[in-house]
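Encoded as structure tokens, here's the structure I'll be asking about.
In order of appearance the chains are A, B, C, D, E, F, G, H, I, J, K and L, and numbering begins at 1 in each one.
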């Protein structure tokens, strides 16, 4: 692990169900173009409200992935 | 959306089940007196412990709502 | 409550299922050696990614417990 | 000034023109219900984008006002 | 405690004597309109200076109180 | 809005005139390669000084845009 | 002092009287098991309210002490 | 630039017009005693309110300048 | 007040008695060379420990004062 | 410099030797695809431990580079 | 790694030579009582000055280690 | 130490070699006009890049020194 260089990008995923599912949505979309994703950190947890209830969660993460040589 | 003024208030909701449910509890109580709630942001996630287990979650949110003209 | 002294320690628990479960894992392990745990605060929410999906959550908490006299 | 108690509330105002104008919009709306506003602090400066250009600014402020005896 | 919803407001109290007294002043004023205040957190400690000496302390707190059902 | 994934990038724009104009400069440059920009947040406001006067403003923003499916 | 290693722990002490007294309470309890405490830093100042008045202060400190060789 | 040492000081300027003008006011006053000012960073943006309107802006900056050899 | 420029400096004062007294000590020393001090903000509260007890408090403040024309 | 737009990206480099070398590793890898890098800021300094010793440093930086017209 | 619970402690190490060496000193001392240390994060970098020169560095780290089952 | 008042100033030093050397450069320059410097804290670590390599480090420190009576 000591000889890798990582890049981190910031993504926001949404879900009507849960915080965990919003993160999955973001990773799922990112995995179509980014290989070698290693870890994420939750940096913001928000949501939209409709009629006094949670309409959907919006969770922002930083995702770290290996830059290939 | 560009001509609205929003107010944000800070609420703490509880739940024995999950973080998501604690937020729902807070919004549910607030919706009885506040109309036009638009979004929330989670600002603190805590919990009480009894007998070495999570007794209930306490989640603090900031809720934004439209001030009517 | 006014005559107690509390100590806070920092723990990280993991779970393949949810943020809530990762906190439970940490408390469960801690309860074998620490009595009188009272509250926790989530201070970091991270996760490991394998094959473009969440492999497991890693949630760091600060746990407060009563120091016995 | 030493015998007053102040309350602070959080407001978000919008403007298509400038940061300063967004703050004015928020204060203008608030002044219809709150007397004795004394100061504000800008805590967040955001904006919406349409067609690659700033559609409107959204500036969040904390406003302090005197609680009357 | 698990079934309550709390609201938090931000107040600034003043005192020529001490930090503790400035907090008391704010709570004293608030208690005339707010029932069921439970806790506070000090978020800012400032003061005014006259003739090179502390004229009065200005302490800002967040106060949590129970929203009645 | 609940089914979108957003990416956020960090840009710094400059202007000899104003903070607002520095943000416009950054968005203008970004719009040539990024479609579907939705919002920005100001995260740093700086400036260069020449001969005791503001030579130009340098404003750093985070820009959120929709990742197309 | 250059050849010592220090450990820092987080404690919360309470007092019905003052912030200073709450810190003393925490240190007093800690000194029964920890030798060579050198310094502390106040990291959180809170309090409980009963009947609209401060019931007791709760002050959290980080305490640094020398690890003996 | 690699062989210079810089000092940073904190100034607050005011203006009835704009944030930009408040920064100019501070720099203008500082330039009468400080040579070789290079850059500034805005660290706080506040304002005073009179009769429900912005009376003047108060903007705090950190100013970096070269220490002459 | 709108036409003044303020400078802020950072001072640390000590006291064996209280936080308030440590601030007084710092202001008292500063007033011998700085005229027109207006306000302060507490930015760090620490202390030294001897024999398991508070030996003295060390409180760091930022002091704002008017720059004369 | 006033007419440039900069982009900032977040990279993590590793080294068994030093913090400085970990930054060099990250820049070295980035320079193969990014032209016109101008500055960096260290935002996180971590390391892995093996057998009670530093195995390698992991330093995260934000790198600013000019967007070409 | 998904089934481990980690504890984090805060240590300060010193060195007359470098930041890296100060971290080594802290880990070296900790390894005599703590097994299974995995990672550290630098949270504060300070130093003492004597005769206008760096006398020694004082670097504070948080160290994570596995709690054995 | 309990009867001293300290002042803290913010300096930035540069070095082509290392973080430690950049701090030395700043202290060295400051020692020609300031007596009784006691400690420093690193508050920002940056660098300039030329041709994809570190051209020089720029380290900002806060330096505390005793105000003489």
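Assume a residue touches a chain if its C-beta (ideal position, glycine included) is under 8 Å from a C-beta of that chain, and two chains touch if they have at least 3 such contacts.
Quantities reported herein were computed from a predicted structural model and do not represent experimental measurements.
With steps allowed only between chains in touch, the distance from subunit B over to subunit L comes to 3. Least step count on the touch graph, subunit C to subunit I: 2.
Just one of G-K, E-I or F-J has an interface built like that of B-C, with over half of its contact pairs in common by residue number: E-I.
For the self-contact between subunit B and subunit C, the two sides draw on mostly distinct residue numbers; the shared fraction is below half.
Rounded to a whole number, the gap between the C-alpha centres of subunit G and subunit I is 22 angstrom. Centre to centre, using the average C-alpha position, subunit F and subunit G are separated by 44 Å.
For the pair subunit B and subunit J, the distance between C-alpha centroids works out to 38 Å. The residues of subunit J that reach two or more other chains are 9, 18-19, 30, 48, listed in rising order. Contact between chains, using the touch rule, shows up for A-B, A-C, A-F, A-J, B-C, B-D, B-E, C-G, C-K, D-E, D-F, D-H, E-G, E-I, F-H, F-J, G-I, G-K, H-I, H-L, I-L, J-K, J-L, K-L. Subunit A meets subunit F in the complex at residues 9-16, 25-26, 29-30, 48, 55-56, 60.
Considering their complex, residues 1-9, 62, 64, 67, 69 of subunit B touch subunit D. Chain contact summary for the complex, subunit B toward subunit C: residues 18-19, 44-49, 51-54, 57.
Residue ranges on subunit J touching subunit L, taken from their complex, read 18-20, 23-24, 27-28, 30-31, 37-42, 63.
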